[in-house]
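Below, chain A partners chain B and then partners chain C, in two separate complexes.
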Partner chain A sequence: MSAGFAAFLFTLAAAFEWGDFIGWTEVPLILASLGVVFFGLLIWWRQDWSYGVDGKDSKHLWEPKSAGSPFQNIDIRKVALWMFLMSEMMVFTSLFSTYMRYRFGIPNCMTVFESGEWVEGTAVTCFEPAAHLIASSWFHIAPGAINTFALIISSFTIVQALRYAKMKDIEEDVRKRKVMRYLGTTWVLAILFLTLKMIEWFIGFPTPGPLTDLNHGHSEIASLYAEGYTINADSYQHYAYDTMYHDGKDIPKDSALYTMLQEGTHPGGQMMANIQVSATTFYVTTGTHGAHVLGGIIGLTYMTLKAARGGYTPDNAVSIEYFGLYWHFVDLVWVLVFPFFYLY
Partner chain B sequence: MRISRKKRLLIGLVLVISMLAMPSAQSLPGGISGVQESGCNCHGAVPSDSVAGSIEGLPDSYNYSEVYNLTLSFEGGPSQPGNVNQGGFHLWASEGELSILDATTQLYNANEVGHTEAGNDQTSWDVIWTAPATDRNVEFVLHVNSVNGNADGAGGGTSGDMWSKVSVSLGGPIEILEAADPFVVLGVLILVTFSLLVITLAYVFYRKDPDSFDWDNFSPWLADWLTTTDHKKIGTLYFVAGLFFLGVGGIMAMIIRIQLSVPGNDFLTQDQYNQFFTLHGTTMIFLAAMPMINGFANWMIPLQLGAADLALPRINAMSFWLQPFAALLIFTGVFSGHGADTGWTGYAPYSVSEATHSGTTMWAAGQILLVASSTLTGINFLTTMAVMRAPGMGWMQMPLFSWSILVANVMLFLSIPAFGVGLIQVYLDRVIGTAFYDIAAGGDPLLWSHLFWYFGHPEVYVVIVPSFGIISEVIATSSRRSVFGYRSMVYALAGIGVVAFIVYGHHMFTSGMSPTLRFVTMLTTMLVAVPTGIKIFNWLMTMHGGSLVYRTHTLWALGFLVTFTLGGISGMFFPSIAMDTHLHESYFVVAHFHYVLVGGTVFGFFAGIYYWWPKATGKMLSEKLGVLHFLTAFVSYNALFWPMHRLGVWGMTRRHHTYFVTTEEALGSLPMEAAGWNMFITVSGFIFFFSNFILVFNMIVTSIRGQDAPDDPWGGWSFEWMTSSPPPAHTQYKLSDGTWGLPTLEDANEHIANEPGVMGRWFQRLMVSDEESEGASN
Partner chain C sequence: MAHYKILGQDPYWMNFYGLMILTLIEVLAVGADLNGVAESLGTEEKVITLWILTIIAIPKFIMIAAIFMHLYGDEDSGILTLTALFPAFFILIMVLFVGLTHPNAASSLPDWCRPGNYGL
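This part shows the complex of A and B:
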C-alpha cells in the first residue's frame, strides 16, 4: 500500500512539474504528465475499490472521531474538509477582489463610449463586463442559466445519494441502484455544466425556425470567442459601441455623446476597446470554477463506478458526504460567480 | 514486487534527471555562449572549409594597455577580384577595446567591430585593439564572409556565398587562471553537498547493520523512507530537506558576499547577482525555514498533544513530497544562466515582462506547488490541533509550541491562497498571455503587491512565531518552572496572528499607495510591538522567577532574546512613514530582517534542535561542541549583520550588484570606510557560515558515539517527554500508572483538566455529534 502511495505522491508532484514548465505547444508531454497523475490516482483508488463491497472489511471500517472541544465526536476527516473549504474560500476571495479592483478601477466601456472621448480607429482601454454581451439576450444567457440550475439540482441529487446510502432498512440491491442512479445523475449534470460552458465559450449554437424571430432575427448565437471576447482582444468592438446603432435611440439624454449627436460633433462609427483585462478576469475566474467542477467530475466518475458494484453502505456513506460538502461549495461559488460575471 | 519497485525508482530518477537537463539544454543556444555569435550575419547556413580567415598583428601575450594594429583577412571561397562585392567580417574581442582606422570598418561597441558598405569590396581590413590594463585571458572571434558578388546593390542575393569562423586566445604578461563562472561554482558546491548527503545516507544505513549492506536490503529501507506516512519520519525528511537548503541558501549568500566584499567587484555580473539574491531569498524562506518549521511541527505536535499521529498522515506525506519537486522547479534554469531574477517578491510588472529570464516562469510554477504544499500542511495541523488533543486537554492547556504552530498555520492558511492566486495570475500572464499585470491593457501592478504582501507579511510572522513557541518551551524548562503568564502568552500570540493581516501596507509605503492606508498601516504596525513586548517581558519574568540552567539550548534562547529584541527595535524605524521612505531598499532593511529572520527564526531553530535532538534520536548532543557553536555563531552573526545598519544609513542600496566609494560627497557613492566594513562583513559571514558546520559535525559524531539519551533529559513537562527517546514507531506514552498507551491530561504533571470555557461551550452547542446523527438515521 505504502509503496503505491509513495509512487502516487512522487508521480503526482513530478507530473505537476512537467505540466507546468513545458508550455502549451508541447501537448504530448502535458498528456504524459496528466497520465502520471491519473496513474497515481488509480493506485490510490485501487486500495479503496473493494472497500465496503459485499460487507467485506466491514469490521475494519473505522472513522476516527475528534476527541477535544469544540469538535467533540465529529469525524476528523470532516473537520479537515471544512478546513480545506476555508482555504478554497480564500482562493475565490482573491479572484473576486482582483475582479473588483479592475471592475471599479478601470472606466467602464459603456461610460467611455457615452462620454464621446474616443477616436475611431484607436483602441481605448476600458472594462467591458462579459455580462454586457451575455445578458444582452435571453439566448446568450441560456447556457449560464441552465448551468446554474444544473448545479443546484446536482447538489440535491448528491444529498439523495447520501440519504439512500445511509438508509439501513432497505434492500441491498435497491440501495445499490438508488445510490448509483443519483450519483450518475450528479455526474451527468456536472458534464452538462462543462459542455454548456464550452458551447458558450467556443462553439455557439444555432437558433433555427421560430427561435430566429425571438433572437432579433439572428439564426445563431455566436460563442464568446467568435464575438472576439478573448484575452488578447486589444481592439474589441461591441455592436452597442456604434454611433449608427445608437443614432437617436436609447442613449441617455444627459450623456455627453447625446449632446454631441445633437450637435453633429460626435465621433463617427464604432469605438474600439482594449478589453484584455476584462476578458482575463472573466475567463480565469469562471475557469477556476470550471476546474473545480472538473475535479468533481473525476471524483464522481470513480464514485459512480464504485456505487455500481454496491460500494456504498451505511458504514462508509461518509465518503459521499465529504464529496457532497465539496460539491455544495462548488455550487455556492457558482451562485456568486453567476450574478457577478453573467448578470451585471 | 521488488523488481517493479526498483523500476519505479529508476523511472523516477530518469524523470528527475531529464527534467533538470531539458530546460538547460533548451536555453543554452541563446544563453551563455551567445555573445560572440550574435554579431555574425553569416551568408549561407554552414561554415565552409574552403574559406580561411586570419588575424595578423596579435602578439603571443600582450603588454598592458599597448595598442596593436590588427589586419583581418581571408582567402578562398567564391570571392574573386573584380566582383561587385568581395566579402565582409565581424570581430569580437572579450577584453580590451577595439577601435577603427578608416571608413571601411565600423565600431558597434568596444568589443565588436565589423565592415561598412564601403568595406564590402575588399578581402582585408585594418583595425586597432587596445590591450586591457590588467591580466586577462582574451578571446578573439572573427567571422568572415566570402562573397561571389551576385548582390546587385545593397543587401542583395547571398546565394553561393561562404563563411567561416576563427578563434584566437591570448594571455597577458603573466598567465592567469580563468575565473570560474559563479554558476559553475554554485552547481559544483550543490553537487558536492548532494553527494555528501547520498554518501551519508549510505553510511547511516551501513552503520545500522554492517553485515547486510547490499541493495536487496537497502531498497526496502529506502522505499520505506520514500513512502512513509509516519509523522516522525516525515519530520526527519523535512529536516534533512530544510538543512540541505539552508546550506544551499548559505552558499548563495557567501557568493553574494564575495561579490560585495570590495567596491566595483565583478565576480558576479549584474545579471548573475539578480538571480543569486532572488534564489537566496526564495530558498531561505520557502525551502529552508518553512520545511524546518514543518519538521519541528511534524515531530512535536502529535507528541505534545498526546496523539498517535497527525490527523491526515497521507496528506502529510503529500505536503512533504511536493517540496523537493517545487525546489527543482525553482532552481530550473539557474545553471544555464536563465534563473528567476525578480527578487523573492516577484514584483509585477517586471515579473511578467519579456525582460525577465525564462526561469521566472519555473519559479512561479515551483511557488504554486509550495503553496499547495503549505495549504495541505495547514489543513493537517489545524485539524490535528482541533480534534486530536489528549482527553482533558483544553485549548488553554496546549503547550506554547503547539499554540505557536496553531497561530502560524492559521495565518499561513488564511493568507497563502492570495499568494497562490497571484502566482497563478503571473504564471498565466507569462504562459498564455492573460493581461492581469499588463499595464498597456489597464492592468495594475500594485494589485500584485497587495496580493503578495497580504500573504508576505503574515508569512514572515509564520516563520518567527514557531521560534517564539520553541523559546517559550526552552526558557520554561531551563528555568525549571512553568512559563510566566501562560494566558497572556497565548493572547499575545493570537494578537500577533490577528494584527499580521492588517499591517502589510508598510511594505508599500513608497509604492504610491493611498495616504490614508499608509497612515492606518503605520499605526497597526506600531501595534505589533505590544504583543511582542509582552512575550519578551514574560520570558524575562520566567527567568527571573526560576533558576536558570545553562544548557546549549538555553544559551541559544538567551541569544535569541538579545538579537530578536535588537531586530525588533530596528524594525520600529520602518512603520514611521518618513523614516521608511528614507531607509527603504537600503542595507538598514537588510540588517533588520536578517536580525529577525536569522537572529530570531534560525536561533530559535538551533535552540529547538539542541532541545529536542535527544528526544528524536535517542542520543545526547555534545555540550562542548554546542557551546563552541553558539559562541562562534553568535559573535560572527552579530559582526555580520550589525555593520549593515551603518551601511544602510550611509545609503548603500540592496539588490544592487556593486557599490562605489569616494572621498567626496557624491550622489550614489559611499564613504571610504564602507569598503572596509563590507570586507569585514564578508569575513564574518564566512565565519558564521562555517561555524554552523560545528552543529553538523556534532550531529554526526554524537549519533555514532554519543551518550544514550534518557526519556526526559532536561526535565520538561509536556507530553513529548513521557515517551521513550527515540519514540517507538507507533507512539506510546508512559502513563502515570506505569503502563504504556495514549495519555489523558491527568497523566501530565503540569496542568489540570478543565471544562471548555464560555466560548467553547457556546460553539460546542452548534455541533451535532456524528455518532448522534448516525444513531438518528438508524
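This part shows the complex of A and C:
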C-alpha cells in the first residue's frame, strides 16, 4: 500500500505543471498505483471484516504487546501509531516552517502597495496571505469557521464512539446502534469539511439577500479560484490594490504611496502581483491537511459499515481508539492551520 | 477511557465545551475591531490578533492532545507523551532556523555565528 501510495503521488505530480494537466501518458500509471492502494486496503479489510463481530470468538481476540523497554506492556499497534503521528508532525512542521520562511522573507502585498514601489502593468513579487481574502468578511470566513467547529465536534463524536464500544453494561443492540451513529456522525462531519473546502476553493456561494450589506454590498462570495488566488497567479490583481478603490480613501495618510499621489510623483492605478509562492504554500499545506481528512473518510466509511455489523465490542474496540488518535491529530493540525492560514 | 473528572464532570464533555468556547473567541477576535487596543499598545491590529490567536492555539493544542488523545490520565500516558515530544527538537530546528530566517540571514548573522569565527 505504501509503495502504491508513493507511486500514486509521484505519477500524479508528474502529470501536472503549475496546476495544468499535461501528462496523459501518466494516467495509466496513476490508475495502476491507485489500484495497488485499494487492493491493499481490500486485503486488509477482508481480513478484518469478520474479526470480533458481535463479540464472537472474544477469547481469541488478541492485541500484541510490546515486550522491550521503554514501551513494555503497551499495545504494539498503539506505539506504532504514535510513531506514525510523530512522522506526520514532522511533515507538517516542514510545511509550516516553509510558510513562515516565505511569509517573513517576502514583503507583504499590502506593504508593497502602500510603499508605492510599483507601476501599473508590471508584476511585483509579494506575499498575499489567503487570510486577506478569507478574513475579509464574516461570510468569507464562514466555511473555515464552520469547518473548525465540525472538526472539533467530530473529535468528540469519535471519543463517544469509543466510549460506547468499550461500555460493558449496555445491551449489544444499543451498543451497536450508538457506535454506528457516532462513527456515522464523524463521517458526515468529515464530508462536510471537504465539501466546504471545495466551496471555499472552487465554487463560492451566494450571500443571503438581506445580508449583502455585511458583504460590502456584494451578492456573492467568490471562491479563491474565482478571485484569482491560484498557484500560477503571476498577474494577480486585487481590488484593494487599486488607487481608485473607494476613491483612494483606504490608502493610509502616513504611507509613502499617499504622499507620492499627493505630490503627483506616482501615476496611481492597480498593482499587479506575482503571488505564486504565497498561494502555493497555502494550497499545499491546507491541501495536505485535506488529504488527511480524505484518508480519514475512507477509514470511517469502512468502520461505520463494520460497526453496523456489531464489529466493535469492549474486547475489540482498539481500532476505534487508534483511528481516533489519527483523527485527533488531524484536528490538532487544523488548530494551527486555521489561525495562521485562514485568519492571519 | 478517562478515570478522572474535570470540575466533577465528564472530561470529554468538558474538553469539548472548552474547545468550542476557545474557537468562538478565535473567530470573534478576527472579526473584532482591535484598532483601539493596538493603538494604546503602540502596535498594529494584526499583531494583537496574531498574539490572541497564538495564545488560544496553545491551550487548544494541549487540550486535544492531553484529553482526547489520552496523553494525560492513562497508565501509558507518560511514555507516550515523551514519544509525542520526541519531534520537538526537529520542530524547534525547522521553525527557528528555517521558518524564522530571512534572505539576509547569512550575511547579517553576528560574527560568532559565522564559519571561521568560533574563537578557536
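Here, the second predicted complex is superposed on the first by the 299 of 344 C-alpha atoms of A that agree within 3 Å, B and C clash if a C-alpha of one lies under 4 Å from a C-alpha of the other, contacts with A are read in each partner's own complex, and residues count from 1 in each chain.
We adopt the following convention: a residue touches a chain if its C-beta (ideal position, glycine included) is under 8 Å from a C-beta of that chain, and two chains touch if they have at least 3 such contacts.
Fair warning: this is a prediction, and the values are worked out from it, not measured in the lab.
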First, second, both or neither for A:Ile74, with chain B first and chain C second: both
Which superposed partner A:Thr125 touches (first chain B, second chain C, both, neither): first
Contacts of A:Thr280 with chain B and chain C, given as first, second, both or neither: first
Chain B versus chain C as contact partner of A:Leu294, first or second or both or neither: neither
First (chain B), second (chain C), both or neither touched by A:Met90: both
Dominant toucher of chain A (residue count), chain B or chain C: B
Contacts of A:Lys65 with chain B and chain C, given as first, second, both or neither: first
Partner chain in contact with A:Thr98 - chain B first, chain C second, else both or neither: both
Touched partner set for A:Lys166, first chain B, second chain C, both or neither: both
Residues of chain A at both interfaces, chain B in one complex, chain C in the other: 70-71, 74, 78-79, 83, 86, 90, 93-94, 98, 101, 105, 166
Residues of chain A that touch chain B when the two form their complex: 2-3, 5-7, 9-14, 16-18, 20-21, 23-24, 63-80, 83-84, 86-88, 90-91, 93-95, 98, 101-102, 105-106, 125-127, 166-168, 231-232, 234, 274, 276-277, 279-281, 283-284, 314
Of all residues in chain B, those that touch chain A in their complex: 1, 5, 8, 12, 15-16, 19, 23, 223-224, 226-229, 311-312, 314-315, 317-318, 321-322, 324-326, 328-329, 332, 361-362, 365, 368-369, 375, 378-380, 382-383, 386-391, 393-395, 413-418, 420-422, 424-425, 427-428, 431-436, 438, 440-444, 447, 451, 756, 760, 763-764, 766-767, 769-772, 777-778
Residues on chain C engaged by chain A in the complex (per definition of touch): 1, 12, 15-16, 19-20, 23, 26-27, 30-31, 46, 49-50, 53-54, 56-57, 60-61, 64-65, 68-69, 76, 79-80, 82-84, 86-87, 90-91, 94-95, 98-103
Touching residues on chain A, where the partner in the complex is chain C: 70-71, 74, 78-79, 82-83, 85-86, 89-90, 93-94, 96-101, 104-105, 135, 138, 141, 145, 148-149, 152-153, 155-156, 159-160, 162-163, 166, 324-325, 328-329, 331-332, 335-336, 338-340, 343-344
